[in-house]
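I have placed the structure first, in the form of C-alpha cells, so that the comments after it can refer back to it.
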Amino acid sequence: MDIQRGNIIVMDRRRGKLRAGQGLLQGLKVVWDHWIGSFRKNENFSQIHGTFTIEYPDERMKLPQAYRNMPVLIYDDETGHELCTACYQCARACPPEVIHITQAKDPNTGKMVPASLEFIIEYDACMSCGLCAEACPFDAIKMDHFFELATDDRMGLLQRKADLNRPISYYTTIAPDLWDEVKEGAMKKLQGSIKRRPGVIGIAGHLSDKIAARRRELEAEAAAAPPAPADAAPAAPAGKLSPEEKAAKLAAMRAAKAGGAAPAAEAPAPAPELSPADAKAAKLAAIKAANAAKKAAEASAAEAPAAPVDEKAAKLAAIRAANAAKAAAAEAPAAPVDEKAAKLAAIRAANAAKAAAAEAPAAPVDEKAAKLAAIRAANAAKKKSE
Amino acid sequence: MLKTEELQINIGPQHPSTHGVFRMIVTVDGETITDLKPVFGYLHRNHEQIAEVNTYLQNMPYTDRLDYFNSMANNHAYALAVEKLVGIEVPERAEYLRVLMVELTRILNHAGALGFLINDMGAWQTQLAFGMREREKILDLFESASGARLMCNYFRFGGVARDLPPDFMPRLKDLLIAMPAFVDEMERLLRENEILLQRSENIGILPKEVAISYSVTGPMLRASGVPYDIRKAEPYSIYDRFDFDVPIGAVGDVYDRILVRIEEMRQSKRIIEQIIQQLPDAQGGHINPKARQNVRPPAGDVYARVETPKGELGFYLVSDGSLKPYRYKVRAPSFINLTPLGDMCRGYKVADVVVILGSIDIVMGEVDR
Amino acid sequence: MDLLIQIIFGLLSALVIGAAMMVVTVRNVIHAALWLIASFFGVAALYLLLEAEFIAVVQVLVYVGAISILILFAIMLTRSNEGDRLLTKYWWASALIALGLFGVAFLPTFTGTTWNMPQPTGPAGTPEVLSGVEELGRGFVSEFVLHFEIAGVLLTVALIGAIVIAFEERSRRRRVLTLAEELELRKRRQAAESVD
Amino acid sequence: MYDVINHLINTVFGLGWPSWAISLIAYLLVATILFLVAPFQMLFLTYFERRAIAQMQDRIGPNRVGPQGLFQPVADGVKMFTKEDIVPDAADKWVHLIGPCVVVAPTMFMFAVLPWGPGMVPLDMNIGLLFFFAISSVSAVGLMASGWASNNKFALLGAMRAVAQMVSYEIPAVLSLLAIVLVTGSLSIVDLIHQQAGLFISSADVPGIPDLGLGWFVFTPVGFLAFIAFFIAALAEGERTPFDIPEADSEIVAGYMTEYSGMKFGLFYLAQYVLNFLLCAITAIIFFGGWQGPGVGWLYAQAITPTNPDGNGLFNVLAGMLGVFYFLAKTYFFFFVMVWVRGAYARLRIDQLMDFGWKFLIPLTLVNVISAAIWVGLTKWGAAEGLAFVEGWAPLMRWGVAFVITLLLNIAAYIFLARVYSQAQDERARLDNEVLERLTNVA
Amino acid sequence: MTRAIPLEAVLVVAAALFCIGLFGALSRRNLIGVLMGIELMLNSANINLVAFWRYLEPRFITGPTFAIFVITVAAAEAAVGLAMIIAIYRSWNTVNADSVDSLKG
C-alpha cells in the first residue's frame, strides 16, 4: 500500500543492542537537566526548562480578549439604554436554552417596545459556548471574562437583568478590539431603538428611576423659570421625545456636528427667542448637544493613539465609578430589597473602582478618587444592608 | 483462603488509573489473567438523542464533549459532515486554520497520552508533567484563538468562528522552536529505558489480522503494522497539499504504540511548519460570508470521517429537510479501539492490564457518548 | 551488679518459657507463630546475656528474619478450615511424657552433677578471653572446614529439595495462551491440516 | 558519652555513683537523642523529597505552609495524628496493632550502630554491620502480620509481595557487603570508616598516602561494583521506585497499608522514610567513608582520644561537627539520588523484579566476592599465606596490579551477565514454542 | 556474668523449653504447629551448647561453631518441612495431622 507525498516509516525497535543500563543513565540525565533548569521561571513558549507554575491567587494569567466565560448584557454609559431589543435571537440560538426574555410593553399604548422587561440566564446550565453572542444582531449580549463565580446557593446562579448589566466601558476594558469591530453598527442600532422606546423603558434597571426623577426635575424647572443656562449635570436626560422636541433635538444635533471637536465646555449657540414650549425643547437640545459634544470629545480621546491624556480617562472612570456607587445607593424601589443584588452591585463598583485604579497607570489623584469611590460604594452597601 | 483458584479482581470504575470511569472484571489464575470483561457506560450522556432536538449549529458545542481531549478534531469532523450535506464550500484561509488547529490537537493528545501511559507504569508523573507543560502551551493558543481551552467550539459551517488574534503567530513560532526539543527529550526518556522496555516489549500484542478484523483505527492500527491513515487514504480538506510520513510498528505491542505516537508528533510538527509557510492572509477569509449558520439541509444522509489522534472519527447525519437532524450517529474511535481489550490482555499479568489500557489511549467521553 | 543480671535473666527466661507455652496452647495458628517469634527474640537476648554476640545476631538473622517468615508464608498458603479440636486425641499422654522427661530425667541430672568450672587463672579483674567472631571465622576455615562444607552442601540440597517438592510443575498448570499465541496456534493447525 | 557523664556526675557533683548506673544513664541519654533524631530526619526527608521531585518536574512543590513550605511535614504529621484510626471489624485487633509496631521498632534499633562522627558512635559492636542487617530483616515479619491482620485479600497479596521482595533483595545486599568485609577484614563499622582514610588509595593498602580522608572504597573496582549492587538492593529494600511494588496503586490498591489509617498509617510512613535514611547512611558509610573527609582526620588527631588523652577538647567538638557535616551531606546526596531515580523511572513488575534480583544481582555480587578475594590476596597477603611471588613488590605496585585485575574481572562479569540476562528476558517473552508444539499435535 | 547466674539455671530453662517443644510437636493437630514445636526443641539444644561453651571452656570455639551448625540444620529442616506441608496441602487439601494417614500420592 503506497501513499502520496510521504513514505511509510517502520519504527526501528533497536533490537540486539546490548542493554546494560545506558538507557537508564539517559533518563537520569534528562531529569537532571530539568532539575537544574527549574530554578528559574519559564518565560516564553520556546523554552522547555524552567518552572512554569503560576501561583493563582497571587499571580494571574492574562486572559486573551476572545476568552468567554458567561454571557452578560451591555448598556450604553451615556444614555443608560440597554442595547438589547428582546428579539429572542439569542434565546433561539442557545443549545441548552437557558436564556428567558420577556419583552417590555408601552404602558399607555399597549404596543410592544424594543426593550426587554426581564432577562434571565441560568448561569448553572450555561456552558458558555458563545453561540448567543454570535447570534445577537444588536451586539447586546457579550461573553464576560469573570470566572470566579463560586456561590453557595443554587438560586444565586439564576442571573436576572439587574445582575447581568455591564456598561460598555467595562466591556471595552476586557475586549477592546472585539468592541471596536462592532461599535458603529451597535451604536446606530441603539439610537434607532432608543427612538422607539417611550419613557424610561429600556434603560438599565439601576439607572431608570434616577433618569425619570431627573426628567421630572427638568420639566418642573423648565415650567417654573425661563430657559436657564444648561447645567452640566452629568445625568443624561434622554427620554421619549414629543414631536417638537424631536425637531429641536435634530437642530441641536446639526449644531453639534457643525461645532466639530469643540471642547465640551463651549456654551451652545444662544437659541433664538422661542415660545416657552420651544424654550424647554431648546434647553433639552442644549443638554443633548453638550452630551454629543462630550461624546465626540470622548471619541476623540479614544481615537487618539494611546492618548497622553490619561488623567481625563481616569477622571471619567472615577466619575463613572461614582455613578455606579450612587446607583448602588439608589436601588430601584420596584425590586424587593434584595440583599444579594446590593452586595453584587457593591462588588461590581469595587471592581470598576479597581479597574479604574488599574487603568490609570501613575496618577496618584486617580487612585485617591477610585479609592474614594470604592469606600463610598462599601458604605452604600453597608447602609443598604442595615 | 489463598489457594490459587480463579480469583475475580474488580479494577473498578474509581480505580486511579483507568482513564475516566471504566471498570474491568478480571478473572485471574495466580498472577496471569484468564479473562477480562470491560464494563462501561458510566459516562453515557445521551449525546445522540440530544443532537436530534438541537439544530445543526447548536450541536457544534456538544461535539467538543465527545473526546474532551481534542475538541478541535471533533468539531472538524462534524463541520465537514454538515458542509457535505448542505454543500457549503470553505475558503482557503479557513481550511488552513482548521488543519493547523487539528494538527496542534494531535501533538497535545499524544503528549498527554504518553504521559498518562508512563504514569500507569508507575513513574510518579514526571513524564506526565513534561507532557502537560507542552499541552498547556497549546491550550493557551487555543484559548486566544477560540475563547476556551478545552471546549473550543471554534468551527462553523463554512469556516471558523473567529480569525487568529495578532499575538497567535509569534507564540506558535516559539512553540515550534520548543517542539523538536520536547519530542527528542521524550524519546530519550522512553526509547532506551531498560525498565520501560521490560514493561512494554511484547506486552499486549495485537496481531495485524486481528486488528483489521476488530476494525481498530488510528495509532493502534498503525502500530500493528497496517499503514492506514485517513489523511493519506482518503485525503479530506487540504491534506493532499502537505507531505508527511505515516509511521507503522512491527510487532504491535505497547512499545510500538509508544514509538508510533512519538513519530506522529514529529510529523504533525512538519505539517504545521508547511501550514505557516502556505497560510494565505486574506482579511475576513476565516469564514465563507455567504454560508448561513442555521442551515436547513435538503433531505438525505452523509458520512464524513476524520483522522483524530485516537483514530477514525465519523459522523453519519440523516436530515429530513427540517432544521434538526433526523439521525445523528457518531463512529467513536475509542469505543471501537476498546473492544479487543479483552482478547489483548489474556495471558498477561495483572500489572499489564493497566499498561495495555493506557497504550490504547481511550477517553470515556467518546466511548460512552 | 549481679542482682541486676539475675533480674534480667529471670525476666528473659520467663519471656522464653511463657512464649513457648503460648505457642503450644493458643488456638489460632497465626498467633502461635507470632508467639514463636517472641520466644526466638527471648532466646537471642539470652545469648547476649551469655556474651555470645555473634550467635545472638545470627539467631535473629536466621530464625526471626527467615524461618518465622517461612512459617508465616506456609500458614497463609495452607489456610484450611480451622480444625475443631486444637490438640490430637491423646494429647494428655504426650503431656505426661514431656513432664516425666523433665521431672525425672533433666532436673536431677542437671542439678546433680558437679561441673568442673575452670578456676579464674589471672588476677580477679582480668576479663576472660572469649573466642569472638575472629576465632570463629578462623576455626571455620581451619579445623572445621569439613563441617563447614557439609553444612553448605546440606543447605543447597535443602534449597533444591524444597523447590522441587513445593513447586507445581509447569505442565499441570493450565497454560493461558495470549492472543498472539492463539493466532500462531491456528496458523500451525491449518498448516498441519493442509499437509495431511 | 560515658566519660563525659562520668566526669559530670562524679567529679563535678562528686556523687560517686557506681559505673553501671552512669553507663545506664549515658545509654539512656543517647537513646533519647536518637529517638528525637529519627522522626526529625523523617520530617526533613519527606519535605526534601517533595521539593526535589517537584523541581524535577518543573513545578514548585509545597511552599505555602510556613516559610518555603518548611512546616508542610508538620502539617502532614498533625493530619496523620488526628485522622480517625479505623480497625476493620473482621480483623483480629491485636495483630492489627502489633503489625506497625514491629515494622517501626527495627528501624530504631538500627540507629544503635550508626557512627555519626569520629568517636561519636552510640555502640561500637564488633559485629555492627551484621547486626544492622539482622535487625532490618525483622520488619518483614511486621509487614506480614499487618497484611494478614487487615483481613483484606488485596492487603494480604500486597504483604506477601512486599515480604518476598524484601527477603529476596536482602541476599544481594549482604553479599555485596561481604565483599567489603573481606577487603577490610572486620565487621565493625567504625573500623570500616577508619580504613577509608588516604587519597583515592586507602592508606590501609599503601601506608605512605597523605591522609585527606578520601580513600573511599568506591574508588576500588571491588567497592564500585559492590556499591552499585548494594544501592540497587537498598532501593528494593526500602521499597523505592523502580521497586515500589507493595504500594503499587495502579495494581493492588496500597498493598498492605490499605486497611490502616491515622496514626498506624503514619507509623508505616515513618518506618519507610527512616529505613530509607538508614540505607542511604550505610551506603555513605561503607562506600563513601561516612564521616571521612579532608580535615577530619587531622582535627581528630589533636582531639582527646583514648590513644592521646592530653589533646584539647575543642578539637573533639570541631572534628565531630565536621564529621557529622560530611556524613549528613553524603547521606542526603544519596537520598537525593533515590528521589532522582524515583523521578526518572517506571516500576518493575513483580516477576521481573524477582528475576532481576535472582538472575542478575546475586551472580554479580558473587563475582564481586571472588574479585574481593583476589584483591585481598594481592594487596595484603604475603608468603605466609602461600603467595610468595607477591612478597617483593612495593605496596603501590601490588595495589596497581590488584586494581587492574579486579577491574577487568568485574567489567567482564558485568557485560556477560547483562547479555545473558537480556537474552533470558527476550526468551521469556517470545512465544512459547514447545507449548504450541504440544498443543498443535494434540488437536 | 558466670558468677551471677549458675550454669544449672540456664540448663533448667533450656530443658523446660525442650519439654514444651516436645509437647507441642506431639500434641498439636496442625502440621505447622508440629514444626513450630520442633523449632523450639532445636532452640533449646542451642541454648545448652552456648551455655556449656560460656561456662566450661570459653576459649575454644567448638561450642559456637556447633550452635551455628544447629541453626543451619534447623533452617534447612524448616524449609524442607514446609515444602512438604504445602505439597500435602495441595493434594489433600488439609493440614491436620490425623487425616493424613495413607501413603497414596
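Note that the chains take the letters A, B, C, D and E in the order they are written out, and that residue 1 is the start of every chain.
Convention: contacts are C-beta pairs under 8 Å (C-beta built on N, C-alpha and C of every residue); 3 or more make two chains touch, one makes a residue touch a chain.
By chain, with names taken from UniProt: A = 4Fe-4S ferredoxin-type domain-containing protein; B = NADH-quinone oxidoreductase subunit D; C = NADH-quinone oxidoreductase subunit J; D = NADH-quinone oxidoreductase subunit H; E = NADH-quinone oxidoreductase subunit K.
These numbers come from a predicted model, not from an experiment.
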Chain D and chain C - chains in contact with each: B
Touch-network distance, chain A to chain C, counted in steps: 2
Chain located farthest away, centre of chain A as origin (C-alpha): E
Most contacted chain pair (by C-beta pair count): C-E
Rounded Å distance, chain B centre to chain C centre (Cα mean): 59
Geometric centre distance via CA averages, chain E-chain B, whole Å: 65
Length of the line joining the C-alpha centres of chain A and chain B, rounded to whole Å: 39
Between chain B and chain D, centroid-to-centroid distance (C-alpha), Å: 46
Per-residue multi-chain contacts in chain E, two or more chains: 93
Residues of chain D engaged with two or more neighbouring chains: 56-59, 156, 343-345
In chain C, residues with contacts to at least two other chains: 1, 54, 58, 66, 73, 76-77, 177, 180-181
Residues of chain C that touch chain B when the two form their complex: 76-77, 79, 173-174, 176-181, 183
Residue ranges of chain D in contact with chain C within the complex: 18, 20, 92, 94-95, 98, 125-127, 130-131, 133-135, 137-138, 140-141, 144-145, 148, 156, 160, 163, 167, 170, 187, 431-432, 435-436, 439-441, 443
For the chain A and chain D complex, residues of the former touching the latter: 18-21, 24, 27-28, 30-32, 34-35, 37-39, 42, 49-53, 55
In the complex, chain C residues that touch chain E: 1-3, 5-6, 9, 13, 16-17, 20-21, 23-24, 29, 32-33, 36, 39-40, 43, 46-47, 49-52, 54-55, 58-59, 62-63, 66-67, 70-71, 73-75, 77-78, 80, 83, 85-89, 91, 94-95, 97-99, 101-102, 106-107, 110-111, 115-118, 128-131, 135-136, 139-140, 144, 147, 151, 154-155, 157-159, 161-163, 165-166, 168
Complex contacts: residues of chain D adjacent to chain B: 53, 56-59, 153, 156, 241-242, 244, 248-253, 342-352, 425, 429-430
